[in-house]
Structure formats: C-alpha cells, structure tokens
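Each of the next two complexes has chain A plus one more chain, namely chain B in the first and chain C in the second.
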Partner chain A sequence: MPDILSPDSVGLVTPQTHQFTTSLSLECGRSLPNYQIVYETYGKLNERCSNAVLICHALSGDHHAAGYYTMHDKKSGWWDTCIGPGKPIDTNRFFVVSLNNLGGCRGSTGPNTINLDTGQPYGPDFPIVTVRDWVRCQARLGDVLGITQWAAVIGGSLGGMQALQWAIDYPKHVRHALVIAGAPKLSAQNIAFNEVARQAIMNDPEFYAGHYYQHNAIPRQGLMLARMLGHITYLSDESMRQKFGRELREGKVKFGFDVEFQVESYLRYQGRTFVDRFDANTYLLMTKALDYFDPASEHDNNLAAALAGVQAKFLVVSFTSDWRFPPERSREIVKALLTNKKQVTYAEVKAQDGHDAFLMPIPHYTQVFQAYMQKIEIPGEK
Partner chain B sequence: MPDILSPDSVGLVTPQTHQFTTSLSLECGRSLPNYQIVYETYGKLNERCSNAVLICHALSGDHHAAGYYTMHDKKSGWWDTCIGPGKPIDTNRFFVVSLNNLGGCRGSTGPNTINLDTGQPYGPDFPIVTVRDWVRCQARLGDVLGITQWAAVIGGSLGGMQALQWAIDYPKHVRHALVIAGAPKLSAQNIAFNEVARQAIMNDPEFYAGHYYQHNAIPRQGLMLARMLGHITYLSDESMRQKFGRELREGKVKFGFDVEFQVESYLRYQGRTFVDRFDANTYLLMTKALDYFDPASEHDNNLAAALAGVQAKFLVVSFTSDWRFPPERSREIVKALLTNKKQVTYAEVKAQDGHDAFLMPIPHYTQVFQAYMQKIEIPGEK
Partner chain C sequence: MKKSLRTDLALLSEWIEEGSHVLDLGCGDGTLLAHLRKTNKATGYGLEIDDNNIARCIQAGVNVIHTDLNEGLSDFQDQSFDYVVMTQAIQTIRRPDKLLQEMLRVGREVIVTFPNFGHWKARSYLFFWGGMPISRALPNEWYNTENIHLCTLKDFERLCHKKWFEILERAVVNTDHRTTSMMRLSPNWFGEIALYRLRRRV
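Right after this comes the complex of A and B.
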C-alpha cells in the first residue's frame, strides 16, 4: 500500500493562499503594504475554533508539512512523521495550520516574488524579517481563519523559536507551546556557521548582489556550499559515522579530487538538489532571523524576565546528539520557565541523529510528543 | 623587553634549504625526481647526534615553528609557546628540526613552485602526498643532517599523525613519539568539513582548475571560506562564547548583511589574512592527506595490529573541548598501544580552547609536556 493511502496519512492536500492588504510593520522599521501567505490545513476546525494547532517551520521548511499533493508524490510533507490521524499531532482531534513564512520562497511573499511597486522581484530589497515578525504575520493568518487562540503552537529548531516567541508576544492566544530542538538564542558558533554560509552565497559571482533573477542566474555554488555546511551541523558525528563511516565510493583511494568517500557524494548530492528547490535570498533571510532571535536581550539578557508573562504550558524536547542546539540550550528555556513557576514538561531524548532527530520517528520522542498532545484539552470536545 | 630578547626565546632564526636530487616515490604511484625542502633548526646537535627532535606541522603550519626572522617581527614561529630554552621542547638540551612539508607553500617544493620539467608552477599537477610520503621525506632530511634516530618526533593535529606514522614506518629511528590533539583517522564529519572547504576552493571562478598562477588570479573567496570554516572547527563552542558571545560590533542590530556580530568580523579577518599567506592548491593537498590517513586500514581496520611493531615510547595528549579530534580519538591510539603493551603516557587536558589548545600555553599541558621531555634520555648527555 502506498504511504498516501495509509490510514495515518492526511492523504492528498492542497495549499491555499491568502492576500493580506493591511500593511505589516516589521521590526527592521520597514513595512509591507501587501503580501500573500501560502498555507495548508489538515483536520477540521471545530465549532468553537478551539482545536487549532499552528506548525512553524525551520530554516529550509515550508507550508507542506504533511500529506501529498498528487497520488504520484514520492515524498510527503516534511513533518509527516508527526502529523496525521493517530500521530502525535492527531488530525482526528486537531485542526492543523502550516504556513510558509514571510520571506520564504515557496509561495509566500519573499525575495523571489514580484514587488508590486516595481514590477520586479524583491530580491535583496526584501526587508529583513525576524521571528517576531513571523509570529505577528501568523497571528494575522489566525484571524483570517477565525482562530483567536491556538490549542498549541509547535515547531522544531527555528520553528521552536517561533513557538517561544508566540508565548511571549501573545500570552493569551497560546494554550501550549512546544519547543523542539530549540534554543533561546544562537551561540557565537551558530552565528559563525551562518556567516560562512552567507559569505558563500554572497560571494558567488552569480549572486549579482541579490539581483540574480534579472540575470537569469542562480548563485548555485554558494547555495550548495551553504547547504552542505548546514547539513553537517544537522547530523551528529556519530550518525555520520554510522551512515557513511569512511566508506569509499569505488572501494579504493584514487589520489584525486573527485568524490572518493561516500560522505562526499552524499553532501554534494544534498547541496545540488537543494539549489533546485530553495532560493538563496531566502536562505540569507532565514539565517539572519536565526542570528537575531534573542528574546532575553530586551530584558538585560535575563531569559526568565523575558518569559515572566507567558501563560502557555510548555513541552520542551531536546536530543542528546544535537550539537547545533544541544540539550543545555533547551534546559536554559526550561530553567527560565521554572524560575517563573510556569508549567513545563521537559524530555531529553537519547538519539544519535543530531539536530535532524526532531524530524525522525524516534520511539521515545514520538511517545512523549503523543502523550503530551493527548493531554491537551479541547474546550467543547465530546 | 621585546619577546625576541626574552631568555626563553630561540631568538633570531634563519631558514635553510636543501635540494634533493634522488627521486622520491610517492604513495599515489608517481614520483618527484627532485625537490627542495626548507627547514629551520634550533639548539645544537650533540656529537652523538642523539638529541635531535623533529617537529611536524599541521594543515596550515610551516617550518617557522619558533623564534623570529628579524628584530622587528611581531609574530614568532607558530609553536614558540613550546620551543625554546627552558620550554617543553628545551633547546638547551635538544636540537630541534622543523620543516615545511612537501606540497607546502612556504618554500618547500609544492604546487606554487616551478616544475623544472615544464618551467611552469606545478599547480594541480603536483602529486597528492600522504602522511607516509611526508615521513619518508622527513627521514631523508634526517639523513642529510646526520640524524639516524630522533630522540622524539612531535606534532599536533595533522602533525601528530606524522609522529604516529614515524613510529610505525621507522620503529628503530624514533625513541619517543608525541601525538598531541591527534586522531588515528578522520571521522566522516571531519572528511565532510574538508570536502566543503575543497568545494569552496575548487568552485571559485578564480581557481581555473588549479592553474590560477598563470592567470594572475587567486581563488580568494574560496580559500577564505575554507579558512573561516576551518577556524570554527579549531575553536570550541565555549571558547567562541567567551571570546565573542553575541557581542555586536556597533552596539546595535542593523538589519542588514554587513558584519554585525564580533564573531563575523573575526572570521572574515581570519579568512582574509589567510589568503595572503597560504596557497589554495596546498590547502587542497593538506586536506587530502588528512582524509587518507588511516594506518589501521592496511590491517583490517585493526589499529592495534597497525601499531604492533612500534618501538617508540608515546606521549598522547588530548583536550577536553576539542571537538575536531576529541579525547575519544586519542584514547583509541592509547588503547591500541596498550593492547600491544607499549609504553604510553596519556594526558587529557581540561581546556576550553578547542582543537587550537595544542598551540596555547595551558599550564597543565605545558607541565605534562615539559615533564615528559625532561625524562627523555639523551645518550652521551653530561
């Protein structure tokens, strides 16, 4: 049976688009007079609009979180392991909303869409967007859908940062925040990796200062390098060892600069395919949103103070081999919540898959996730 | 008092060059009919030639390990913290030899030197060299200097791999091997980082398939990216946090793609200055030598079997925050030596400086290093 017909799949899905015509003020000081957001929904919104769950995507994610677009799709949405009937985010109970963030490249207004003022793609003129901007934009989408309070806002990695920001900025509008493989801010090392990725893209001669669309060009090599590098940080040393070891692609050393080790072949492939589905200007924007995220900075670097007003209950999950956002970073969030006597469940999942673990069907993780979601009360639920 | 006049400095030094005219067969199957090696020496070779110590350099190192070239030099040799009168590698006792490896770019024959057969720089036609090739080449330099047995062969990182290879290939010619911040082979993650660095260089449009010298070009952006990336792996998350934290260069966020965080500024500077002193083709060769190093591979991946014949005594040192070659990797070497009942001293130094710790004056490290070196017996020493 193809996965699409499996009883725990949301099956065929269709993205929808909403045009916003009220100007959105951004943290950078600029504003967008109009913009569109593409999103998908799974499950059914109940009468009291009390069962809505918002999915926030990470750096290279989009609105296609679950299901399939056609019967022939080989790949499902990016979080299909966790969204569907009977899965942790159970579409039998919850109405799930998943959007492509502003500045994205998969249908929402971003650098690769036309700026109505100029008739040209925004390119590098697209304003820098922050996690807080995204959250505000997501709140507006909620308004459109008639959702004033989310049963849960959920995200992994950069998505987890959005869930955290939701609880801070809209305390009454989030009942549960699920922060998975997240961090309260990037470390210097995290920023450093982002900076190398940006330099790779911006120094690519096909980048044309971000105006590559007009040159029918793509900063292919730069974006490929950025993705290869990102990929190393998503996996763990251990998972790479298990996956590739020092396996040679053709059985013996060739004393040359072509691909020799399996891991090289894998990385080059990952880099190449990424270029076909992702926009370099969006990549730049996403890394900046990551760098800037630091809710404690407005409170003398006191995270507990930043979280003093949250009303949501929290599930925080980290993975032992995640060296991008290691468990210590999640524990900072947990500690700050506990300082405020907030209700928080924390799970440190033993996993060898590094940062990417949040996308994987790891039994302990699935169990914790599912148990937490099952206990979420839905007002009006029979 | 300038450092150069300090009593524990080797003071002014002058590099020397030796022309080799006997062909050197390389592991890749090719050979070099003639080549030159540049080297420095510190201290005095005793009558019995029994006090010689060989220093092996790492990826971006060279022969200038200690002292100064002029009274005005601001920077000393790269391992000046450890080499000098009264320092761990005590030039009052030892005659220290430090060379630029074959394939290097600081005076020894390498891609940026003229191929006498063609009258052009070797460029990408320079053969791929391995750790074993370097060791053979170093043995020949020993012959030239009248050294048939080294009191010690010492190196950090890739240099430590050379020390290990010495003990394997020339068991009777090394009394002590000091392997500092080393590993018995690269992990898949290590290879992956090298591969990203290589792709950055080779995809730079100024690379011209390695023939950039003839185009009066330098693959500047690629080499800069490689170095920036390398640098992240040499530091620890913790040392970057202490060094830079999330400090902003101009005090506030600018919502743009210029340098904002101190760590970005630092990395760009490191990348830029590296380009002025290092050759991209050499960088490629060095990463390949790292990737290929794997003495156990000739023994069914049994490291103990690879080390069965060594006669040298070992000092193995690792640093707790080194995530490039973490302590576990050093312990693999120690374990394989102990399986063979070889004499080995192991120190796991608590340090926050990551892989770079091997270059730093960390008291516990200096102490262990010094104590070990002091106990090395020098036949004929009064």
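Right after this comes the complex of A and C.
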C-alpha cells in the first residue's frame, strides 16, 4: 500500500473500456460480432500522435501494467518497475497504452463474459484466439485512440511474441519492437508444460467441461496446480535455492504430507491467490495461443523469410537463467533479423531469476532498456 | 569537442568504402561504428560481451549484439558483410586462426589490428629484463592479461601464408598516433600497432 505516491510512479490510474461493434474475424475461422476491450493509458499523447507505446501482456498479465487504482492497493501494476516518469518506458515522453487481450478475464471480452446471443457466459465456446488475432485487435484499439504508428510495441514472454507479430503484420505501423524474454515459437518441452497445466484444469471435477460458471463452481484445484507448475518454470533452480533452500516452516520434518518445506508453502500460496484473480478457461486459451505461435510456419519454417518484410528496429533481450525461453531462443530471432540486415540490438542479461527476470529491476537490464528507449526518436518532440 | 579517434581506427576508416556493411568484433563502446556511420554512411553491427560496453553502444545508437567471440560467428551468413573488423582484440581470442577464418567466411574483406609483440621495446624488455614485456600497449602482467595470443608481424604473416589469406594492405603505427620512417623501414621492430586488410585468396 503506498502511503505517498513515489515521483516515479504513474500514480492513480483508471481503466477504460471500448465497445467494438465491427465484427472481428479470427484465425480459427470464427468471428466475434462485437466485443469490448479494457485498457489503461499513462502519459500524454502528443499532437502528432507519434509518442505512443503499446504494452503487450504475457500469459497471466492484464491491462493494469503500472500505478495504483486506489491508495489502498497492496500492489502496483505488473510492470511498474519499467513504466513511469524517468523509468525505461518514460511516461514524461511516451503515451503508454496497455490492454487486456481478447479472451482475457480482467474486463475484455473472454470466456467469463456473457455471450449476448445466448445470455450465458461464453465458457468453452469462446473461440480460440491467436497472437495474430490479438495484434489485429490491438491495431483496432490504436485506431480508436488515433494512433496509426506506434513508437514502440513492447512485451515480455508471450508479450514479446505479440511485439514480433506486430512487426511482421504491420511493418509500417511499428517503429521499434522490443522482444524481451521471448521466443519465435514454443519448444516441445514448453508445449508439454502447457499440456500438463491444461490437463490439470480440465480433469478437475469442478470444471464441468468449461461450463463451471453455470454450476457456481471453480476448478480451483486444477487451476492452482497449473499455476504451481507454471511458477516453477518461471523461476530458476538457483533463485529457488536462494529464496527457499530446504528451509522448513516449523524447523523440523514431521514425516507427513502436509506443507513442510517453505517452497511448498510458497507454491500453494501462489496457486491459491491465482485462482482468486484468474479464470480457468482464459488460462486454457492463453496456453493455446502460446502453443500455436509460430510465424515461420507460413514460410517453410524459415524465420528469416517470415521477418523479411519487417521495418521496425528491434531490441531483443534475454536472461541467462531463463530456461523457459532461454537465450538461444532469443538468438533465433536475432539471427533471422541479421540475415535480413535489419536493425537489431541484442542483450543477454546475467540474472538468476529465471523467466521472471523480465519483471525484475536488474541493473544491466534497466540500463539497456532505458538507453534504448531514450534513443527512440519522437517526431515533433521539442 | 569530441576526443579524436584512436590512430588505428582513424587509419582503418580510410580503408572502408562508403556505404559498406560492417561487422565490428569486440566493438567496445561503438566508437568505430558510430564514426563510420557518420563519415562513410556505413551500416552494420558491433559484437560485444561486456555489459557496460553494450549499454554504451546503445547510448551511441549503435546496433550491438551480445556475443562471445570464442564461439565463432555462426549467426552470420557467408559473405554477408563488406568488412569484418577486429581492432586490438584478436590476441584475446582462444583460437585466433579459427576466428580469422570465420571472419573471412562472413566478410568480403577483413581488417585486423593488434599490438606488435615484435616491437623493439618488447624484445629488449624480454632480452635484458628477462620478463614478459609491460608497456602502454600491453599494460598487464602475464598472469592477469587478457592477451593470451600475442604475436609479431612476422607471426601473423606466417599464419596468413599458411591459411591462404591474402594481405591486401598493411600499416603500422605507434601509440602516439604516428607512423615514423623507422616503422616504414622495419615495421616488425618499430611498429607498436599493426593493421592488416585481408581477403581470401581466390
């Protein structure tokens, strides 16, 4: 809870909602006749609309990227370390837009919103959405806000994939793409983890084939397990050793199956709190969007060919202990850009926080991020 | 006023044609690439491993790629650069011969500069003092130096001959930004820094 707002915070923010009434056709072949998108903005859009930055969220993220809703909030937005006055994404210079993606569960149309055709929540009938669908949807939000070209599209993890897709699909509309802790596609191991998470959810007796809303139920155990598993893959062996070691909650083993080690307690806590803020059907959708992402697949699996048309300049950042999307995965993107002689900068940040490092205030990461953002030219800037 | 360019960088800049695509190995703070971009309209990338240098390159607006040069240049296509440059870093590489081959695979021409271990001061240091030379060009002790593969002009040219690298141009300078007549007469005795421009013999 902030007693006073720090000068480098965007302060108190209010989410906004936009209703879209033009049908959006999706990659899966289906379409949404109408939908709403919830978003937040920080900073001021300049006269020439040339200072807009789009933030793309990862699997469990949402539109609340920075600041607080009230002075009683326990936590700030999920990327508050990087967004604010004087921070890498400097709201004194940039107008920042952060939205909850389609299929989300934090206010944008998704499985837990009412389908106007049926009067019931979409549930499992919500169409499968892809990274490309999100990007198209984000472009429409840009149109609403009067932004035809983004100074930068920025994202970590699944968010980085959206930034990459932006540069591919709308080359003229992105000046800089920042792909942080990303990958050009998932590995078999990544998909395997997602599948275990989905199985955990779908096999929960409270799942009711996705129609749990009508049963006033929540597949609590399944979603909790999915999150616990996910969380392990976001940390590293080293960071878990440092955080928990083999520390026991009560100082001695009790020869039973209750929570004994601190790491067990932590994971259960992470799982429980996640269930309170996240929807299981959205979790399933997000993992599918991850699994399907593979821009090279349309070009004979040649990523360089997929990136041949991009015009944006790239910053690619990876973290040494990230084993979910390790540095080699980022290097695949870098290599494809180099092959095309595109403008790219690549930093491999030494960090022990695993995949989650992209959310941490690691000095070299912040330095690189800040330096890159400062060099972004804003036409019309005094 | 900005401080003037290091001698070897100024000299090799003159070897680079306008509008070239340049790869700078061990690019430091990006000085050379920033200079080439301005004076020669060159494009390209710098490769660096040091965090501070990477940040300084970004501040200078130079495209920099975090790379461990000991792992080769496998991210780069054959003949995809006009020049592959490496200034005063070849002596820090685990296998300079292999990296030179990689550089010639990736670039049409290669420009390398290195401190000449055959310089008379180094020779006399070893001869009279009996210890590994320490000088302005080689400031560290044998046990903490990054310079693990020092060589002389003669050594370098022997390698070029053996590996079929064609020497297109050679220059020697001292650390005072000058080329003296003594250097021209006997480069392996009087040149402190050597510069070579190479290509693959066809």
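In this section, the second predicted complex is superposed on the first by the 378 of 382 C-alpha atoms of A that agree within 3 Å, B and C clash if a C-alpha of one lies under 4 Å from a C-alpha of the other, contacts with A are read in each partner's own complex, and residues count from 1 in each chain.
Assume contacts are C-beta pairs under 8 Å (C-beta built on N, C-alpha and C of every residue); 3 or more make two chains touch, one makes a residue touch a chain.
On a predicted model such as this, the values are computed, not experimentally measured, just so you know.
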Contacts of A:154 with chain B and chain C, given as first, second, both or neither = neither
Inquiry  = Quick check for you: in the superposed arrangement, does A:294 touch first (chain B), second (chain C), both or neither?
reply    = first
Task = Would you sort A:334 into first (chain B), second (chain C), both or neither based on which partner it touches?
result = second
Partner chain in contact with A:345 - chain B first, chain C second, else both or neither = second
Query = Of the partners chain B and chain C, which touch A:357 in the superposed model: first, second, both, neither?
reply = neither
Key: Partner chain(s) touched by A:303 [first = chain B, second = chain C, both, neither]   = neither
Key: chain A positions touched by chain B in one structure and by chain C in the second   = none
Task = Please give the residue numbers of chain B that touch chain A in the complex, ascending.
result = 27-29, 127-128, 185-189, 191-193, 195-196, 198-200, 202-203, 205, 221, 224-225, 228-229, 232, 235-237, 240-241, 243-246, 253, 255-257, 260-261, 263-264, 267-268, 271, 284, 288, 291-292, 294, 297, 323
Ask   = Which positions of chain A touch chain C when the two form their complex?
value = 331, 334-335, 338-339, 341, 343-348, 350, 364, 367-368, 371-372, 374-375
Ask   = Tell me, which parts of chain C touch chain A in their complex?
value = 21, 43, 45, 51, 54-55, 57-59, 61, 63-66, 75-77, 80
